[in-house]
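As structure tokens, here come the structures.
Both of the next two complexes hold chain A, though its partner changes from chain B to chain C.
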Partner chain A sequence: MTATDTMPDAADRRSWAEWLDGHSGRIMVLPAVIVLLCFAIFPLIISAYLALSRFALAPGGFTLKFIGLLNFRKLLVGSQQYHLLGKFGTFGFVQFALLALIAAGLFFLLARYLLRGRPTVVGTVGRLLATAMAMGLAVLALATMAPGGVPGTVVNTLLYVFVGVSVQFALGLGLALLCGQPIRGRNFFRVLFFIPLMVTPVGIAYTFRMLADMQKGPFAPLVRAFGISEWSWATEAWSARLMVLVGDTWQWTPFMFIVLLAAIENQPRDQVEAARLDGANGFQIFRDITWPAIAPIAATVVLIRLIEAFKIIDLPNVLTGGGPGLATESMTLHSFISWRTQDLGGSAAIGYMLLFISTIVCVSFFNFVVRPARRFEA
Partner chain B sequence: MRVGAILAGVSAISALVGAPALAQDKPFAGVTVNVITQTGAIQEPLQRRAPEFEALTGAKINVIAVPFSDLYQKILTDWASGTNSVDAGVFAPQWMVDYIAGGYLEDLTPRVEADKDIQQDDVGAFFRDFSEKYNGKTYMITLDGDFHMMYYRKDVLEAAGLAVPKTWDEYLEVAKATHGKDMNGDGTPDFGSCIAKKRNAQSYWFVTDVVGSMTQSKGTSQGTFFNTNDMTPLVNNDAFRKALDFLAESTKYGPPDELNLDVSDTRPLFASGRCALNLDWGDVGTISIDPAQSKVMGKWGAAIMPGSKEVLNWATGKLEACTAENCPHAIDGVNHAPFAAFGGWGGGINAAADPKVKDAAYAYFSFMTQPAQSNADVTVGGTGFNPYRTSQLSYSDLWEKAGMSEEEAKVYLGAINDSMSSPNMILDLRIPQNQKYQQVVLDEAVSRFLAGEIDKEATVAAVEEGWNELNEEIGKDEQLKLYKATIGAK
Partner chain C sequence: MSAEPRSLARRLFEPASIDSQAPVARVVTYVLLFLWTLVVVIPLYWVFITSFKGPGEVDNGPFYLPFVDFAPSLQAWDFMLVQNYTLRPYMNSVVVAVASTLLAVLIGSLAAYALVRIRFQVKLAAVAIFLILLTAIIVAVATFGVRWEIAIVVAAALFVIALFTLVGRTKLAVGNSDIEFWIISNRIMPPIVAVLPIYVMFQQMRLLDTQVALIATYTAINLPIVVWLTRDFFAGIPLDLEESAQIDGASKFRVFFTIALPLVRSGLVATFLLVLILAWNEYLLALFLSNADAQTMPVLVSAQNTTRGPQWWNMSVLITVMIAPVIIISSILQKHIARGLLVGAVKG
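Entry: the complex of A and B
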């Protein structure tokens, strides 16, 4: 009796343990998934509903009236189009030539994939989406920068993302290559170059606001000495954008620098020394040994910065308040101003468009740059 | 009865300021009141006087300070979400309408009526009847009297043989004549006019200063933002176009980075002697008498905002010369419409707070506004509080102690009195979602105009279309009803 009674229990326990063992991976991940659902996915769903609604205060609380795509329509083709997309100028020869060049480049990349590679359905759809997005953004940038045009917050954001990240990468790589050399005091330079990253973005913004003050800033006497007393960077659209880019570059170059320095220091030393013995010059060593070794890390660090750069808000908000006009306003600042003035639906709609653009750009970058770079290293 | 009894107790204790050792009765012992306001000025007096109040009443005042740009939304989020971590706030009366719409703001009428020590009769009529009230009920306690005035350099104007400007045209003439002169002896050229024109700051209020002197001439209840017949924006007309011209022209005589200056930049500029003319709230006066900040002590003056000799015919959209009929409040043929921009900081209480906490919060605001405290606070630049009581407009030991000469007081307090007693003062826009009308549509359009992104006609169109769109979205009839109610239009 005893044996027959206990045998099923033991079998149950064994099967339960086996089940647990078989699903241990999923079970271990479950708490993280629940946390993610609560703190990331749930707000994403709520904000999607918000983007399709109009918020209003009402006695005892607030109301959310479902209005479909009206918030998006207002931003894309309605009264707020000038703000998000900008004011379109007149296309001239230069704009047409640049557009043709971009279109030819994109068409070439697409054709090469379809004709030379082994196209898959997912790969083709992804490339078509990326190409359409790239073409659309290129048209938007060219049209709003053409004579008579005024860039909106989308183009301003793209400027901060692509120009800013490119400059930061170039400077970070240059500094990393310098500090990777056996020079005296390189540890001091490493710490020095790293400091801006430690400062909070708002702190950087206020610091730059003080530094760039044309009336009482530390450089004011110098500027006056050059006879520039009737001009200010803050009143011209491009100089104001440049100032935001300078501040952003000052803050984020150290991030590029520190990661790339680590990658450079991990490159195969034996190959570098062998190349030197064979008489290779610095450029050849960089091209054939250093770059292939650091390419995957470089691509990854650029991807991280791209994601971060899309969210720029502190610098334009503190430095210029988004002005002059709309010249320095990023999409995040645009969304923040809408939120601050109770337009929660409009704010969420802008946020979703930013999410859409940044996701396609970053996923495309991952697929077309980061993954090939990893394969290149392999 | 309970509220009245507590107030009577607090009032009696308040009368003993300066002799706290005698205060035995502490009606709010163990009560903590979380009061939110902006960082810096305004926060300073609230924080400084909190221990005094605690010693008198036992209530602990916990001042939460956030940047001005976040204040409106912080309060709204806290109260609308039901978090209610904020028991009371010191904020703009403009925002009151949104908070009342949600039912978040406590009606203070019975408390104020039962409180003799608050001395409401001493509070300027404009603040008592407009800033504190909505639909006839009192929701806020005024702690600060905010309206725009013009500041000028007496010595610079005298040296140039120029009179104090009374109209906007004269303002531009004086600005042009003085621009480029060295006004503080540092060897560098200074500026004819300093106005805060930064986007997302205070610039949109200065547009209304100019427009209002042409659109509103028959008293506060006429209004300056919308036609009270049909809620049509008063924008597509010659007054608004002339105001845009004024802003563009005055920029030529301002600092080169004027489009990126807010009042925290223009105030030190005026105090350091770099501006011949300046438009601002009353704070510039108290900063200009502060020896630690001012290089213009004894050299400055203040006046009611310039006006216009022409006013708008609302029907035709054209400007017409002032007459006794269309400008009944004109002074020497000039229609002045001092603008209660922002409307002065005031205290409001969360309706969902604990009753005892509400009583303590009211007692604190009452304490802050009583002449024993406020008459001293308005003389100090760092407080951010400007005069709003009649008793604050006469020269006293407090003003003398603050560093103001009798002659300066005569000019500064006289200018405040002229503005405060004007029957044609402009009430700031106080309809639901007013921030969208002003901080988004108006501010953006004017900023784009000054930056050269759009021309004058496009600016007029942007503001008119933006305001009409908001009217339609929110409800034109309801907005019209509320607009008329706030300005007291029939």
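Entry: the complex of A and C
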């Protein structure tokens, strides 16, 4: 590394302290770089190697045999396809219509960039990559959710990420708008609504298992009144997924809420009052003043949540154990289960695919949503 | 028309003044906020009262009010906190969370400050050669059985030679924003990808199941967040203060510790709390890296699912003692959190 504001040439005659000051830039960054090299880059390279080999226990240790892309083949088209991707159903009219809609939307965005803006090579490649990823994931999600299909861990993870984050954002924004109004006790609500964020996800999982207990939970009388106390949410795929989403939403809505409320409190008050005087209604004020003011922050909190949501494991692991079947299993949990069954190569391969998907989604979101939102403000 | 008294409908649906709400809107607002209050409070309340129940009270159907429909007992508390070894995982959690958060905030804010104030240029060729050599070491050690000490020495020698011969001739370089982006993007990496090699690494160093292993790993995974948030705090403080100190002969480290850090105190508090919560609740890495000695609370809680089925009363005690301190600390410092996150989110 070269810090350009230092001149290390005459270092010989300088004292130790001066040398230290002259190189302070590098010395300040060095610990962070070393830590990340040891705990991110180095493990990533080893994991890449693991993903391309077969691990086996041998007398007195273990053996690693390089097998190329066989782990990925097993997962994508081989014996593990059912686990990772799921079982494909038959495409009906609804699926084709949805797919056409998504394809048209993506094509429209791509065409608009190529025709209206000044397309660059990097920009075009990035957009093509993002479009291909979106298309691939859409096909996978539609195919496995079609009649006769069973979603695998990839689609489960996408469900937690996209449905979960959307619901959390909508609820967080709604609560922040309610709290942002001239009401009493705003600080009380702010402190109270923040609490779920601090509860450990493992604890949330057990708490919701307690609450959703059909015989002994607090809602048992209610359940009995509806006559469904014999039914159990844990035995059906969609109700189990819903429970995981509910737990996740309970925990993460506060995060959206707290940041968006701070943003709403920061919006230009005089503009809001002027608009009120001119007779603008609540919706108009939101659309023309509040939303433009909070859009960059909203985009950033969604990005932070997207990054974290892809890593979900504790909630499904404790709440449902990934079941029924593999209905609630996330990719991280899938990777963890592979590790437990000594399939280290497969575990690393799943991890790498998760890394690939989440990187493309998060970087695309940053480039195509967060950046424009910020430019819009400036 | 204007002299006519306002009709009932108008009085209900229109605000009396600019700074207030119409009565109907106000009622709707409070009802909705009250509903969400219930959503937040009911799970917490249920955990709290379950910790005072015993097997009988839990199994014989729901009881809601202590002293009214069931007699609270401290049995579960006694069992978990006095008879069992809960104190040890609890202390592990405290030590690991606090130490790793302190380290992450220190290392991360140093790096963020340097990246904001000092211009860096790293030759792309140097980065590429470094990564190629690192890969070569791993392949050599893993497939060809080369001793790792020898591999590292050879690679280091090659790297130094390359640095003095090849790298100087190239022009392409990465700057501050690239380094920043690289550091922050490390957060995107799912921990499951890195945890296996980290596990093996600590196994080789005989540090598995120690607090040191957890502290080091947590520091690394939370470092990107610290850099992300603190860089904006540092970018927001005026340069003149630091410059005048530097003219007076203070070193960059002195300026950092005596001028820059105190100026961003509020932001640091927010960053510290956020990272502390993340470290306190971390589950996956602790599951891999700790076993008995260094076990942390989240792992202990998840391990309560015994073969006899979960014992809710004991579990509720654990969850209560786990969330109580963070709730108290965060409620006190709550204003800092919102403000700190806001600054980070605006410019991040």
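Just so we're on the same page, the second predicted complex is superposed on the first by the 350 of 378 C-alpha atoms of A that agree within 3 Å, B and C clash if a C-alpha of one lies under 4 Å from a C-alpha of the other, contacts with A are read in each partner's own complex, and residues count from 1 in each chain.
Throughout what follows, contacts are C-beta pairs under 8 Å (C-beta built on N, C-alpha and C of every residue); 3 or more make two chains touch, one makes a residue touch a chain.
Quantities reported herein were computed from a predicted structural model and do not represent experimental measurements.
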With both complexes overlaid on chain A, does A:120 touch chain B (first), chain C (second), both or neither? neither
Let me test your reading of the model: by the given contact rule, A:150 touches which partner, first (chain B), second (chain C), both or neither? first
Which partner chains sit in contact with A:199 here, chain B, chain C, both or neither? Use first/second/both/neither. second
Looking at the overlay, does A:341 come into contact with chain B only (first), chain C only (second), both, or neither? first
If we overlay the two complexes on their shared chain A, which of chain B and chain C does A:59 touch? Say first, second, both or neither. first
In the superposed arrangement, does chain B or chain C reach more residues of chain A? C
Output check: A:211 vs chain B and chain C. Expected answer is one of first, second, both, neither. What do you get? second
Looking at the overlay, what does A:232 touch: chain B (first), chain C (second), both, or neither? first
Both chain B and chain C contact which residues of chain A? 215-216, 317, 339
What residues on chain B touch chain A, complex-wise? 69-70, 72-73, 76, 80, 82, 98, 101-103, 188-189, 198-201, 255-260, 262, 265, 268-269, 274, 432-433, 435-436, 439-440, 444, 447-448, 450-454, 465-466, 469, 473-474
Chain B touches which residues of chain A in the complex? 54, 56-62, 79, 83, 87, 150, 213-216, 224, 229-235, 237, 240, 317, 320-327, 337-343
Which residues of chain A touch chain C once you look at their complex with the stated criterion? 1-5, 17, 20-21, 24-25, 28-29, 31-33, 35-36, 38-47, 49-50, 64, 66, 174-175, 178-179, 181-183, 189-211, 215-218, 220-221, 250, 258-259, 261-263, 266, 273, 276-277, 296-297, 300-301, 304, 307, 310-311, 313-314, 317-318, 331-332, 335-336, 339, 344, 347-348, 350-352, 354-355, 358-359, 362-363
What part of chain C is in contact with chain A in the complex they form? 18-21, 25-26, 29-30, 32-33, 36-37, 39-44, 46-47, 50, 58-59, 61-62, 64, 107-108, 110-111, 113-115, 118-123, 131, 134-135, 138-139, 142-143, 179, 183, 185-198, 200-201, 216-217, 219-221, 223-224, 227, 251-253, 256, 277, 280-281, 283-284, 287, 297-298, 301-302, 304-305, 310, 312, 315-316, 318-319, 322-323, 326-327, 330-331, 334, 337-339, 341-342, 344-346, 348
